[in-house]
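Have a look at the structure that comes next, please.
In order of appearance the chains are A, B, C and D, and numbering begins at 1 in each one.
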Amino acid sequence: MTDSESIDGLSNWGRWGAEDELGTLNLITDETRARALREARTGRVVSLARPIDPASMMGGPFAPPTPPSPPVQQAMLYTGVPPMGMAEVLVVTPHNPGLTHLDALVHIPVDGQVYPGRPLTDAVTPTGVLHGSTTAFADGVLTRGVLLDLAPDDRLPPAHPVTGADLDAAEHRTGVRLEPGDALVVRGGWEFSRDPANPMPGMTLDAIAWMRHRDVSVYAGDIGDAHPPVDSQVPMPLHLVGLARLGMPLIDGAEVDALAAVCAELGRYAFLLTIAPPRLRGATGVPVNPQAIF
Amino acid sequence: MTDSESIDGLSNWGRWGAEDELGTLNLITDETRARALREARTGRVVSLARPIDPASMMGGPFAPPTPPSPPVQQAMLYTGVPPMGMAEVLVVTPHNPGLTHLDALVHIPVDGQVYPGRPLTDAVTPTGVLHGSTTAFADGVLTRGVLLDLAPDDRLPPAHPVTGADLDAAEHRTGVRLEPGDALVVRGGWEFSRDPANPMPGMTLDAIAWMRHRDVSVYAGDIGDAHPPVDSQVPMPLHLVGLARLGMPLIDGAEVDALAAVCAELGRYAFLLTIAPPRLRGATGVPVNPQAIF
Amino acid sequence: MTDSESIDGLSNWGRWGAEDELGTLNLITDETRARALREARTGRVVSLARPIDPASMMGGPFAPPTPPSPPVQQAMLYTGVPPMGMAEVLVVTPHNPGLTHLDALVHIPVDGQVYPGRPLTDAVTPTGVLHGSTTAFADGVLTRGVLLDLAPDDRLPPAHPVTGADLDAAEHRTGVRLEPGDALVVRGGWEFSRDPANPMPGMTLDAIAWMRHRDVSVYAGDIGDAHPPVDSQVPMPLHLVGLARLGMPLIDGAEVDALAAVCAELGRYAFLLTIAPPRLRGATGVPVNPQAIF
Amino acid sequence: MTDSESIDGLSNWGRWGAEDELGTLNLITDETRARALREARTGRVVSLARPIDPASMMGGPFAPPTPPSPPVQQAMLYTGVPPMGMAEVLVVTPHNPGLTHLDALVHIPVDGQVYPGRPLTDAVTPTGVLHGSTTAFADGVLTRGVLLDLAPDDRLPPAHPVTGADLDAAEHRTGVRLEPGDALVVRGGWEFSRDPANPMPGMTLDAIAWMRHRDVSVYAGDIGDAHPPVDSQVPMPLHLVGLARLGMPLIDGAEVDALAAVCAELGRYAFLLTIAPPRLRGATGVPVNPQAIF
């Protein structure tokens, strides 16, 4: 990123009109999909989602203590004696960092507005979301995914600020060039951590500019924004700029170690990527199980 | 089905061992997957899931009344003034008939046992499910899907009992033969209804026998078991036999009208089918957004 | 209220210090309690709470549709085969107008502040309430209650604006004078309604001034603020002034017809009133079952 | 209890008819209430409920981890920018041992039946409770309470089996005789614990027989049934016999240290006891804030 580029330059607000809700998903064309399908040759599938074991919601004499901050809680239901079926109620907090989820564009407001420049108060009401919600994902997303492994067989150093140069270097190693509309999948070798002694690496504004220049359609990674921020001036560039201004949907908390192993084994870092969260409209985020198909 | 076949004959208990949790998903082989991929040529995608608009959980002066029996409820969360992000809590009842969901094998017990013959009390505890849960779907399912449209451009008559002959006739119309490991997608032209004046059609035991003979891996349909039962002797054959005894996962409440239209338009009724619900283990069912890829 | 009195004059902010969380509950003294106890002579009890039948949270084949906007939802829990106990999970929206509940002082902010002048952002965080919450009610409230029946054997006209003169007239009929620290219980003969053809009566700013002059400790009534407002300049005087500025806890949605009948039968309109919601701290409201003891 | 008394002898099934839902609350008469009121002299109130701080339901970047097994979870709600009011959704598990709650008679089945001999399957359905629920408590309970402090200024030894003789000795110390219809409040000096190295004391069948002979209307205590059982033959006598067979409502998890201190200070161990949980019908248990009034 040159000095003349500002955060304000990193914006797709208006690029696809004032009513748009798809953001960078607009970049996925028939050509993108054809390119994606060419990567699917054997049908071998790798999930990019963390497995989630729900915590029991039941207390009292019936249950052991639940672990802290469960993303999904489960209450097994009584269905008669003998039970006619086994069922449950689930309580889900989609943005829990332990849950692989897809952020809707409305998730992060900027100065009282949400993508692509709509007043927050018009887009979100106490009873639901009217613009920029998961409705954009209701039909699913199919595109080509490319894995950029920033630390093969290793992990990034703590608090490492990921730049465009890091992404260039990883891309060079893969031998594949990320084309417009492709999904960018990043591996840093980390699990989510708030441990101040072990600060996570994270994206810089420079990396977001790289994504904008390459016209990435979707981001997925085991790292994202750093905790604490790598640049206190722009505390969460992936969310505040990538999601909110570029309109680039984010898959938070992806699990990519298995994917990296398969890519290394096969010697290829591009794949068909399908993203099909529950067809839930009007939410700010939704759990997802992205599928990399080789 | 001949007279000599009984319900007990329609069972896969033990076919893949006493510890199995995959059921008919075992039928999906490398060959199945290769066959499936051959159907994906352009990347056009059709969802088989009903769109769900969550009901607001908020009452009081803030919200209008919610519709009856919402499958997903949403409470928008306070995240400060001004809000640092928009988020929600979701309350989900996966087996709600208005929600397209994937039934786990443990969902329906038979005489105190669940697939493949395990005591229910071992498989399900008050705090969760230990056997036959959605854990089997955690990695996603990729196979070939074949649509059998039982009433093209129309709908089945009320209370119609679907037999193997009906499935044969529809298959003949498609020009594709359902092979072992394929997913069976059925269109009857119905939406879920409890209206006694408008009773739903549904599968007979004879149709389940057909699925067993063809070794269907997964069932999806806009019809399933009839309400009220078409045969009072075997009230819910798709669930009690197909799911519980054959170990065949069911996608309840699929929406297949759009799929049928695309199949008719393209003149082909087979497609790549990916099923990737949230990677939630230990549940009896989970919302899903199946993707038919052409 | 004379013209010289403004809303700002109707405030107790600072009256009991900058740290206060009790508001007008400070008005309940040993003398108030002794006066209250003198009204309890036989132990006959009348509840001021609406009975609530929870709505089942279960959907699917198991449950009929739930009624709209339930204040309490119930999911019956599986506790084994045979069940070792019957239990449930409850989902509660305390401020639902169908639920008799006690509003905490923090419930309504005024210009970014809450009683007694604390910044909202200090008092409420995304993870809970730090000031002005139901913690103030944790020990329960015991005081004398006085019923002012504004429409004996009848109901107030639709959209009637209740004034101090209305309260004076009703008090005159009872033959009891409301003393500082007493709870004011109001009957208007209404159930909560949003029906625009049947607009609820409600309190005016003049009535709130009356409560301030009498030093009411707690308000309970089957009417409260009108829908739509009786004065568009001050849309919700009971909540925006009575609760937020006077610091007077409100019991919303009280049911007082049974109480009025007993008062008429006994010929006395004062009683011991105990208010003991679940000892839940840190909430903005809580369901309550006030007890009038004669 | 003599040898000739069996568990079956300790039953009130049928004592108040086959349709009864009140159980030992029938023992509270006008005379009981008058006796109770005579104990209320100054209006000093002591709560018998544990204070509950709700756990935040929010995960993600917004919240710290929740503590294990919270009895009440809270999600603060978005109500606009600026917020028009502060509100929440609460998720409550009434039978959590950390929550002071009132057990309904239906809570514990005995051999497929619930008090007073009704088939469980008639009393409880997947969508709610039809008999023996908290409906019995909807109007509140007012009676005299008597504190029996089993270990003044101390606590009972671990795993101590409480007998009728223990209760007799404590009653002798108080100088008050427990009369029919009174509530029995027991202090053992314990908090709920599952720590096997620190096993809780608990009631024996002999103590339950004592309660039956004295016709106790309600039980409240900081101890109840022992974990692990003090008698493996009758693992939970207070619940399995006292609640289920005597029909005696139980207040689980009461906090009585403050009460014991006031009783000792005043030199009297009887008081007016009011029990007024939210007027929630059809539940198996409900949080409660019992008030001892002196």
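One rule holds for everything that comes next: contacts are C-beta pairs under 8 Å (C-beta built on N, C-alpha and C of every residue); 3 or more make two chains touch, one makes a residue touch a chain.
In UniProt terms the chains read A, B, C, D = Cyclase family protein.
None of the values given here were measured: they were computed from a predicted structure.
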### Task
Could you find the chain whose CA centre sits the greatest distance from that of subunit A?
D
### Summary
Comparing A-B with B-D, the one with more C-beta contacts is A-B
### Query
Between subunit B and subunit C, what is the separation of their C-alpha centroids in Å?
48
### Task
Determine the centre-to-centre distance between subunit B and subunit D, using the mean Cα coordinates as centres, and give it in whole Å.
45
### Query
Hey, how far is the Cα centre of subunit A from the one of subunit B, in Å?
27
### Summary
Residues in subunit C with touches to at least two other chains are numbered 57-58, 60-64, 76-79, 81-83, 85-87, 89, 91, 93, 95, 112, 120, 124-126
## Note on the structure
subunit B contacts subunit C in the complex at 57-71, 77-81, 91, 93, 95-99, 112, 120-121, 124-126, 227
### Task
Enumerate the contact residues on subunit C facing subunit A in the complex.
57-58, 60-62, 75-79, 81-87, 89
### Summary
subunit D contacts subunit C in the complex at 30, 33-34, 36-37, 40-45, 47, 49-54, 56, 58, 62-64, 72, 74, 76, 82-83, 85-95, 100, 106-109, 112, 114, 120, 124-129, 138-140, 142, 239, 274, 276-285, 287-291, 293
